[in-house]
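Some notes on the structure that comes next.
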Amino acid sequence: MSKITATILSICLLLAGGSAMAQQGSMSEPVDRAKILTAPGVFGAFSTYKIRYEYYKLSSAERKGAADEVMAVVDKHKDKVIVDAYLTRGFEAKSDYFLRVHAYDAAAAQAFLLDFRATRFGMNSGVTESLVGITKALNYITKDKSPDLNKDLTGTTYSGDAPRFAFMIPVKKGAEWWNLTDEQRLKEMETHTLPTLAYLGNVKRKLYHSTGLDDTDFITYFETNDLGAFNNLVLSLAKIPENKYNVRWGNPVVMGTIHSIAEVVNTLSVGQ
Amino acid sequence: MSKITATILSICLLLAGGSAMAQQGSMSEPVDRAKILTAPGVFGAFSTYKIRYEYYKLSSAERKGAADEVMAVVDKHKDKVIVDAYLTRGFEAKSDYFLRVHAYDAAAAQAFLLDFRATRFGMNSGVTESLVGITKALNYITKDKSPDLNKDLTGTTYSGDAPRFAFMIPVKKGAEWWNLTDEQRLKEMETHTLPTLAYLGNVKRKLYHSTGLDDTDFITYFETNDLGAFNNLVLSLAKIPENKYNVRWGNPVVMGTIHSIAEVVNTLSVGQ
Amino acid sequence: MSKITATILSICLLLAGGSAMAQQGSMSEPVDRAKILTAPGVFGAFSTYKIRYEYYKLSSAERKGAADEVMAVVDKHKDKVIVDAYLTRGFEAKSDYFLRVHAYDAAAAQAFLLDFRATRFGMNSGVTESLVGITKALNYITKDKSPDLNKDLTGTTYSGDAPRFAFMIPVKKGAEWWNLTDEQRLKEMETHTLPTLAYLGNVKRKLYHSTGLDDTDFITYFETNDLGAFNNLVLSLAKIPENKYNVRWGNPVVMGTIHSIAEVVNTLSVGQ
Amino acid sequence: MSKITATILSICLLLAGGSAMAQQGSMSEPVDRAKILTAPGVFGAFSTYKIRYEYYKLSSAERKGAADEVMAVVDKHKDKVIVDAYLTRGFEAKSDYFLRVHAYDAAAAQAFLLDFRATRFGMNSGVTESLVGITKALNYITKDKSPDLNKDLTGTTYSGDAPRFAFMIPVKKGAEWWNLTDEQRLKEMETHTLPTLAYLGNVKRKLYHSTGLDDTDFITYFETNDLGAFNNLVLSLAKIPENKYNVRWGNPVVMGTIHSIAEVVNTLSVGQ
Amino acid sequence: MSKITATILSICLLLAGGSAMAQQGSMSEPVDRAKILTAPGVFGAFSTYKIRYEYYKLSSAERKGAADEVMAVVDKHKDKVIVDAYLTRGFEAKSDYFLRVHAYDAAAAQAFLLDFRATRFGMNSGVTESLVGITKALNYITKDKSPDLNKDLTGTTYSGDAPRFAFMIPVKKGAEWWNLTDEQRLKEMETHTLPTLAYLGNVKRKLYHSTGLDDTDFITYFETNDLGAFNNLVLSLAKIPENKYNVRWGNPVVMGTIHSIAEVVNTLSVGQ
């Protein structure tokens, strides 16, 4: 594998450009998970995969080594990217699992995914959906613009059981939405925020901005352990005027269970 | 198969989380079918499958064992999920059969479907559609809100021949529907319910809620032995104002005949 | 083949339910073609197929036997279903042929198609579209509701050359159509019927109702030997207000030449 | 190949029906190209193809013989059909080439395409789009209805370099268009014709009518050597009110270079 | 390879028509990159590709030679076309890379792409999207029509870091847009141009016209090193009235990193 590694390494250096120094082996620091998950300006890549039929024609010995190979790639890139993994088989027709990759530099996220796809497991995974976005500071419900709601929004934290389920839902607004004035959109977003406050305790949420980067304006991401509460949360968002401006909401809605990447690889490597 | 079984078992334990104790072998009680089919808060997973061409390249001996292998998986999960099976070949282009899985915990439904897909039959089945939802208590036509209709609705039961046909039809409402007031929606649902009363005797019906969980708001499920009556029932629902709020009704409509899962596997395992 | 036959037979018995007695071999009567093609309450299944590339990898000897095998299946089910076959290769991208199956019982149609798919030819055919419907008595232009048009409609019969071409065109109406009153729809259908009278002599027509059974409201089926006349007939239907209520008209329009099923199988079995 | 030829011949006879006499070998006259390209009532079949990956696994010797085999089929049908060929690889994602087939009888066009698909090259071609139509006499801008425009339209002929590029663009009108009166549509077509006069010298054009025959109302076909002029011609048609009635214009737009069929086969047979 | 080369050469001569003289070997001049990228009347072909699974079944030795083979084709056509390459794997589901080809003659671009597809790498690449257009002189914001904006537009040049990211975004306008008067469209384009001025320094832009040539009116192409700025640029274009006239904007948005073609081939040739 050393020749492949060398080739990949040179690609990474090439892609990573000016920050290539940071690539140098185990001396570098792993990405700070808590920080990258809250910082603005972070690149997020969501990709769904379906295992190829051919994978199960490999010997079970070959499949057994798959997780180690993937973990080595994750480890190699741990100073540049963090990776979350989700099992969708049983819930989705178009995928068996999905990955969420965060990086301060989009090219670093790509470098990881190139290496991942070059593993035996990645090579036997067909990509079925890919959405990218970036994080930004709060746009509307800020301390300045909407102080009361901001206080409510930031004052409650998740208090449910460890979430076992995650949802990835793209949202695209039509031209009518974007042609509203800033004030009008603020007003709609206040109406949007109000009914969601009740669910801060049992549904976690994260937002990515994708206009121009992909065929969606937003990627909304949720974690929960309470599917009924989540259903009610989304219903509350269906019932407000903002919904009339949505030209895409879902399509796909991707539901998965939250796992370590090793669990995902191992689970999907079983089969006769 | 013992290593695979062990691996799968550990996955199940992992997925099932806190309720892992219930997983322990034949001592546990099978799910009460009548109860789970009427309870609110139940997770329902519908998935349609198409047999891969490669399946028929297996020797007929290998295919003959397929049903037993599937039944062992059904049996293993019988204390967590119930499974219904339907043959769609001949009626549908995109599937040969579909499964309906009920579980109190979505992760348990996924655990079953992961094991099912790891069997020889499951591995040779391509998933072509997957819809998930949860059951809820009646929303509109309740004793309180609409007493007369509630009485009619709950007062008549199915009295036809054992239904041989089932239909799975997703329904999605537009933003205009969800932005109606509760009173307006109640009124529309009363108008919806009235013409359907005539068919309570020959068409069974069950409803799943999917907003946020999938790209539909509802999954409607029907069983009947009278296709003409069923056609008239759906026509009666086409002719009311509520229909104007539907942005998805079908797409797909999935029609199948009702069978035991062993019958489905055996029937689709025949071929030269 | 005897084991397969036995398995299939048992499935048929199972599917056919109460009418299993009729299944018993050559003593039973073949379906009366003229009668089933005019009776209401008949189930019609249209399915389009594309030959798999792999079929032409079989030896030509194997392919030569394909038609006999298919004809045996047709013969086996001849007391329950009638089958019409059409060659679409050259006209359609998504199919090479299509079948039209009529049966008094939908499960009998399915039983035939299951057996057909288990033949070598059926196994090498991918289903690309499948639409089902039922026949009904005339709805609008009846003796009572519209006596003059009814007289015209039933007074002229096809008088052209034996039709060589057939068309299958699904039609779906929007909610606005179904929310018209019966009187309004009758008026629209009278406007619909008038311009079509001129084509009764050279275009045959048959209608199937599919609301609830499939993702269409109607399947319209035509036979003609005069493509110019057929084009003008459909243009005349494009030019009336009813057309504004169509949300699906075609998609696909399927055009084929009319053949015996043996001709279809033999023609598509040629190849190097 | 003689057995295959015999089989195909019998199919042709069967399909060609009453005109089977004309099929008899080399004594019959080839179709008059100039005449069939200007006559009304002619059947036109457009089909786009993508070469299968498997084709390039054949030995180069086998691929070398492909053109001769195709030319033999063209020759065999030359008294019934004419065939034009276009190379789309490099311009289109969904096809590598397309064929345009003209015949006085649709069944003769199908007979040719069946034989073409049975050649090694045809068998390794996947059909990706197929549109059929018939030619008609001018409908609107006739000597009677619009004498001045008719004079302009018929008074200028193509005077550019031999066209190297061809375009196939389907057009479908909505119900609003067809529900205009004849006079209104004539007026729109006059507005349509005026800006196109300037391009008669460098863009050739031909029209096929498809209502009822396929999922389009028209197939528009163009030849040019001046892509800038062609772009401007289509822009001029975008800028008139008629455009508001189009529900399909393109989808696909198919662009190809004009070649002999032998050139197309030979070019696409190259590969390692 | 000499026979293949000869065949391809003859095709090129054939396609290139009158300018065949220029094809003669290394004596001819390479295309002037700066000039062709700014000239009007230039043909641009964008095509996205996905590597076939089969490619990774080739020995790594065979894959190692892939880049040289591709570079030889690029070199052969260097007097007729220029080629840019982009890596999309990790960002896109439907492609692994895309190419942008410029030529003064569309047939020369096709000739290159035919040769490219005949290489081992090209043959193992499935084309997933293909869009073509031509460049034109500025249409609206000219010195004459909009002198102030023209001055601003042409007065600022890109001053950021070397761009690492490229975007290809098709745009199609509805009939309402094209039916505006020239003055109205000029006004909208002025409103369009104003908010984009702020991004001239960090986002490069190029426009291709496709009406009639493909299923889009424009192909917009961007290069940047600042994804946040690019997101804001596109948001600013979402917020103006012109957006209401867009019937296609993206679908797909294609995001890639900018590389030499050899880097793209080498990177995607890695895998076990």
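The chains carry the letters A, B, C, D and E, assigned in the order they are written, with residues numbered from 1 in each.
Quick note on the criterion: contacts are C-beta pairs under 8 Å (C-beta built on N, C-alpha and C of every residue); 3 or more make two chains touch, one makes a residue touch a chain.
Keep in mind that what you see is a predicted model, and the values were worked out from it rather than measured.
Annotation of chain B and chain C: not jointly contacted by any chain, touch as defined at the top. Chains compared, chain C against chain D: the Cα-based superposition rotates one onto the other by 70 degrees, nearest 5. Chain D and chain E have Cα centroids lying 29 Å from one another.
Chain B and chain D have Cα centroids separated by 47 Å. With touch defined as above, chain B holds no residue shared between interfaces to two or more other chains. Residue ranges on chain D touching chain E, taken from their complex, read 53, 56, 60, 87, 89-93, 161, 164-165, 167, 169, 227-228, 230-231, 233-235, 238-241, 243-244, 246, 250-253, 255, 257, 259, 263, 266-267, 270-272. The touching residues of chain C, when paired with chain B in their complex, are 1, 3-4, 7-8, 11, 14-15, 17-18, 41, 43, 45, 47-48, 52, 54, 106-107, 109-114, 117-120, 123, 127-130, 132, 134, 136, 175-176, 178-179, 209-215, 217.
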